[in-house]
Amino acid sequence: MIRAGIVGGTGYTGVELLRILALHPEVEVAAVTSRADAGQRVDKTYPSLRGLCDAVFSPPEFDNLADCDVVFFATPNGTAMNMATDLLARGIKIIDLSADFRIKDIEEWEKWYGMSHASPDLVAEAVYGLPEINREAIKQARLIACPGCYPTAVQLGFLPLLEAGVIDAGHLIADAKSGVSGAGRKAEIPSLMSEAGESFKAYGVPGHRHLPEIKQGLQLATGQNIGLTFVPHLTPMIRGIHATLYARLTGEVDLQGLFEQRYQNEYFVDVLPAGSHADTRNVRGSNRCQIAVHQPQGGDTVVILSVIDNLVKGASGQAVQNMNLMFGLRENQGLETVALYP
Amino acid sequence: MIRAGIVGGTGYTGVELLRILALHPEVEVAAVTSRADAGQRVDKTYPSLRGLCDAVFSPPEFDNLADCDVVFFATPNGTAMNMATDLLARGIKIIDLSADFRIKDIEEWEKWYGMSHASPDLVAEAVYGLPEINREAIKQARLIACPGCYPTAVQLGFLPLLEAGVIDAGHLIADAKSGVSGAGRKAEIPSLMSEAGESFKAYGVPGHRHLPEIKQGLQLATGQNIGLTFVPHLTPMIRGIHATLYARLTGEVDLQGLFEQRYQNEYFVDVLPAGSHADTRNVRGSNRCQIAVHQPQGGDTVVILSVIDNLVKGASGQAVQNMNLMFGLRENQGLETVALYP
Amino acid sequence: MIRAGIVGGTGYTGVELLRILALHPEVEVAAVTSRADAGQRVDKTYPSLRGLCDAVFSPPEFDNLADCDVVFFATPNGTAMNMATDLLARGIKIIDLSADFRIKDIEEWEKWYGMSHASPDLVAEAVYGLPEINREAIKQARLIACPGCYPTAVQLGFLPLLEAGVIDAGHLIADAKSGVSGAGRKAEIPSLMSEAGESFKAYGVPGHRHLPEIKQGLQLATGQNIGLTFVPHLTPMIRGIHATLYARLTGEVDLQGLFEQRYQNEYFVDVLPAGSHADTRNVRGSNRCQIAVHQPQGGDTVVILSVIDNLVKGASGQAVQNMNLMFGLRENQGLETVALYP
Amino acid sequence: MIRAGIVGGTGYTGVELLRILALHPEVEVAAVTSRADAGQRVDKTYPSLRGLCDAVFSPPEFDNLADCDVVFFATPNGTAMNMATDLLARGIKIIDLSADFRIKDIEEWEKWYGMSHASPDLVAEAVYGLPEINREAIKQARLIACPGCYPTAVQLGFLPLLEAGVIDAGHLIADAKSGVSGAGRKAEIPSLMSEAGESFKAYGVPGHRHLPEIKQGLQLATGQNIGLTFVPHLTPMIRGIHATLYARLTGEVDLQGLFEQRYQNEYFVDVLPAGSHADTRNVRGSNRCQIAVHQPQGGDTVVILSVIDNLVKGASGQAVQNMNLMFGLRENQGLETVALYP
């Protein structure tokens, strides 16, 4: 059994890791830390886990993680970068769900995240954990930087087009919509149901932290210079991201065929039949990305619809997918859950 | 492998059976019928099942079910009673999620359901599929009448009190609240999101079909004459039932201990710690009933909070629990899913 | 023009007062205070008020309210009781939407609210602002204690029955459901959409602050000793309260006629036709209470369904109704708004 | 008093007209027709209107409308075009909320709407009822074609940019999100709360009927050839449209100043301060369009956020705004309602 530790178990990506790992046949959760709830049973905070998780939250200290095989960081930004060196030195693999190791350009990271990076040396080593791009590197990695939720949906949608070189890479548009769980389990007024319910708004239009991550990801994967307008929105539901992607075609191409071929061997990317519309409910609770491809009115603009569950393929499910690869397990082990519809 | 047939695969209890059975290690879905969608792939209607279900809807005819070991009826009332005799004659077990075999008094059934009963003879044989009461009978049964969603939550909440004889059985009150999926996948104006969303209302206050079912269930299980006021409400969410139960205590009793003892060996009934409040989100997608026990202000009124997912423990999950019992499988096989929180 | 001040303008009852008063033909908002947002334009916090409110939040100090005719307290409990004496001395009328002056028994108040009362002397003078009971006293009052949201819905539902002496007053049950705006505009985890959305739960079952208020209100209005089990629930919508009330009938009575007669002259209480079910959406944004009366299965239990918008008839609308009475205006002035359906 | 008739009073735009006109000081509702509910009191169908509307639904026949001054068509497409000639001949003004008179090119209309046009001659006369473009023509019109909901939000957002000639008109993108009330009060499975709730999807990506309307509107208003990719989405809320608009800038321009100047005299268009994000909740129930202007990262792509309430400024409120203009009333008469927040 793989011994897994979870740092930051009281947030939504933490409890989602617990939900997934509770039924993973090859993993036991050896430690769950929480600064706020240390000493309390996990299933007191999360009664959904009663009978499935005997753990007690421990303080987020090295000693509590020292005999893990892998540690997941489900923490706010700035935590993993301070603990990574010691854990790696002990031979413990790290899967970081926060943004600490996502951006290769340290200066760029510090600009967007507003702090100094504590382990710039590790950033170069970290592998960006999008298996559909980096599968082989992930298998060898000690340190995974799990992609953000928006970046997962957006990159999987643009990748086939950029790899095939059939769109103007300099003027991409990603209009993305997220459920409110993307804001995390933080007591903030804009996330109240009275504020976020029955309403729809964009946010971060001048600039959002996922912009540089998406651009870097697409650039590294395709070698092209990426120009991107990224507009995230908050939609009144709990789980799900719907990315609507726009690009200008530079030539003729069988779009449907292109996507089907690119993802034919990907268990977690499902290209819908031509003419379909993707719907977040069909991936709720599952680790799947569903993609639909359109060329409205036969014009020169391609429209890609890409949906994921932000907490699964956009966070904790993808983290476990990475873990499976790192430990030589079947990639979809523990991740076959069917979406919860309706 | 058990060969299962599902009659009425296009409703919510039908697709929920497909969701559960898709991962059940001992079952293969041999037939899924639908009058409306016959000839169409199941995963076209339900893209959440893509890659997990290769079935095509067949017409709801005997021949399409003839080589099943068990047939689930996820149909409107009035269908199962017309097909049951032939299937049973063939040696096929039946688990009926509709109300056809729930009420022992034929006249009473016909009054509430507004039609003549086609198989009154089978009603006597049918076993009421609430395993927490009828486990042994279920194991021997050919024909199961699965409880309604409200009756499951309400009976599990009242049972320990009635069995212990500590409340006035003649004046029970069940104030129950259901998510909108309880109304089924029917195109009706009151179920539109514009009507049911952001609103709360009672319905069926003069009389609801689950009233006689609950009364009969509690009477048969406890031998007491039951008087019940049952008020169902519609709450603006998709899944979940919350039953708030009121009864007058007739003597001193350790309520928390009573419940914990009654359900100590029940995998799917979870008595929450004293002082807790049950929350439907903690059982969403799972086959569990969570129960909290209160005696407000130390008065003589006991208040029980009982929550289930109406589509799982209130319908398809309970149906599979019954199947497991009928076929000698582990009772929770295929039903260990953790609730989807948040 | 009546010069109105609002203390605590950044909460939901505060902004609701601003919404109502913006179009009230006899009122100008002379001051809006907020400790947190002092110095900021009100319509920056609330863009819904752009063009309708030029006010700037001022600090909650006496001088900023000194030339008002009436001051509304839309504050947390414990604020009004500290400012009331000075304002009254200046001849300013007070309408307190918090709980400071609701409970006549000081000790009882201090037990439920967990603080010492700063103005116990004023409690006796304060008039409980439920116009359907206290209209004449309200007209003469200097100081109004506006009822809580639950107490408004529950009392209006029980009153006709108690006044007529046709129910067992010692064993009332109020099963009440509130939208999440009832929790206020406070950054707290349980009010996050990810927590409160798509879920239903009871809270405060052992004891809720509105219990003594309801009991006192019904006792004072009817002279009867009240026994009440009160169970509040949180329902996943923003606005609305639905109270389902249960009582044992002690004799024969024309229930529908009783209610219609009791409220025939009440503009804001609407008794629905026999057989109806009340729905919170039909009073959303309006100052109306709609009530439906049932006697299920002709038994001895009466069921009353009573709905209000918790922020209007349950708070700010009722406060303005009180103001209208205190200043000799038409009682429904500025309050004729039609509910926002759908 | 203006005598108004409403044809199709049982849909959402019909009841919204009733809500607005109930408080309009210059209008009395003389007739409300409904094929389905003829003979029934309006407030039985819509209890929110109890006490505010004494009308009884009449059948949709000419005689029932013959003594109106103005008739609103809140009907499915294809009704108004069959009744318009007779009403106009009688001197009755018509405000059509359906699409019958929106598209000038008859062939184009017939292609998108799938029927033959019954009054092609009237199409030329009909004035497109977007007051911010056609105010003077509206004042003189007998027949108004009220804009669709999406077209209102999208055109108001693009207009200033196109009029100023600062964007590439050939490659506009409108990514629009609508609440579910936009689908109307029709019993259809995709509009069920169990389907539309907690989910987000695009629809009509290959081609939506509002595409030709938007293109025509912008072309007629600005004389430019418009190329547009229009992608509508369904978002899990009841009211509101959020249009996110993208265009390539062709030169330097003070975007904020451009918008503020264009709409400085428009009561119902509110340009938010620089840096703002528009939120549908801030216009819920009001006739206002709020617009925010962005140029992310200082690039060459302008992003406009434009929000309306689809049933008010996107339908019935705009219809009343047109009526006010046609009858020489103050343009905002009866339309000053403040948005219902939260």
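Labels for the chains are A, B, C and D, by order of writing; each one numbers its residues from 1.
By our rule, a contact is a pair of C-beta atoms (placed from the backbone, for glycine too) under 8 Å apart; a residue touches a chain by one contact, two chains touch by 3 or more.
Here's who's who by UniProt: A, B, C, D = N-acetyl-gamma-glutamyl-phosphate reductase.
Computed from a prediction, not measured in an experiment: that's the story for all the values here.
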Neighbouring chains shared between chain A and chain D, ordered by label: B, C
Farthest chain relative to chain A (centres taken as mean CA coordinates): C
Centroid spacing, where centroids are CA-atom means, of chain B and chain C in whole angstrom: 39
Between chain A and chain C, centroid-to-centroid distance (C-alpha), Å: 45
Rounded Å distance, chain C centre to chain D centre (Cα mean): 36
Multi-partner residues of chain C (at least 2 other chains): 12, 181, 185, 194-195, 197-198, 236-239, 279, 281, 284, 342
Touching residues (chain side chain D, partner chain A) in the complex: 171, 173, 175, 177, 179, 194-195, 197-203, 205-207, 211, 227, 229-231, 233, 235-240, 242, 244, 246, 248, 275, 277-281, 284, 292, 294, 296-297, 299, 301, 303, 305, 307, 342
For the chain D and chain C complex, residues of the former touching the latter: 12, 15, 19, 22-23, 46-52, 181, 185, 197-198, 238-239, 270, 272, 276, 279, 281-286, 290, 336-342
Touching residues (chain side chain A, partner chain C) in the complex: 12, 180-181, 183, 185-189, 191-198, 236-238
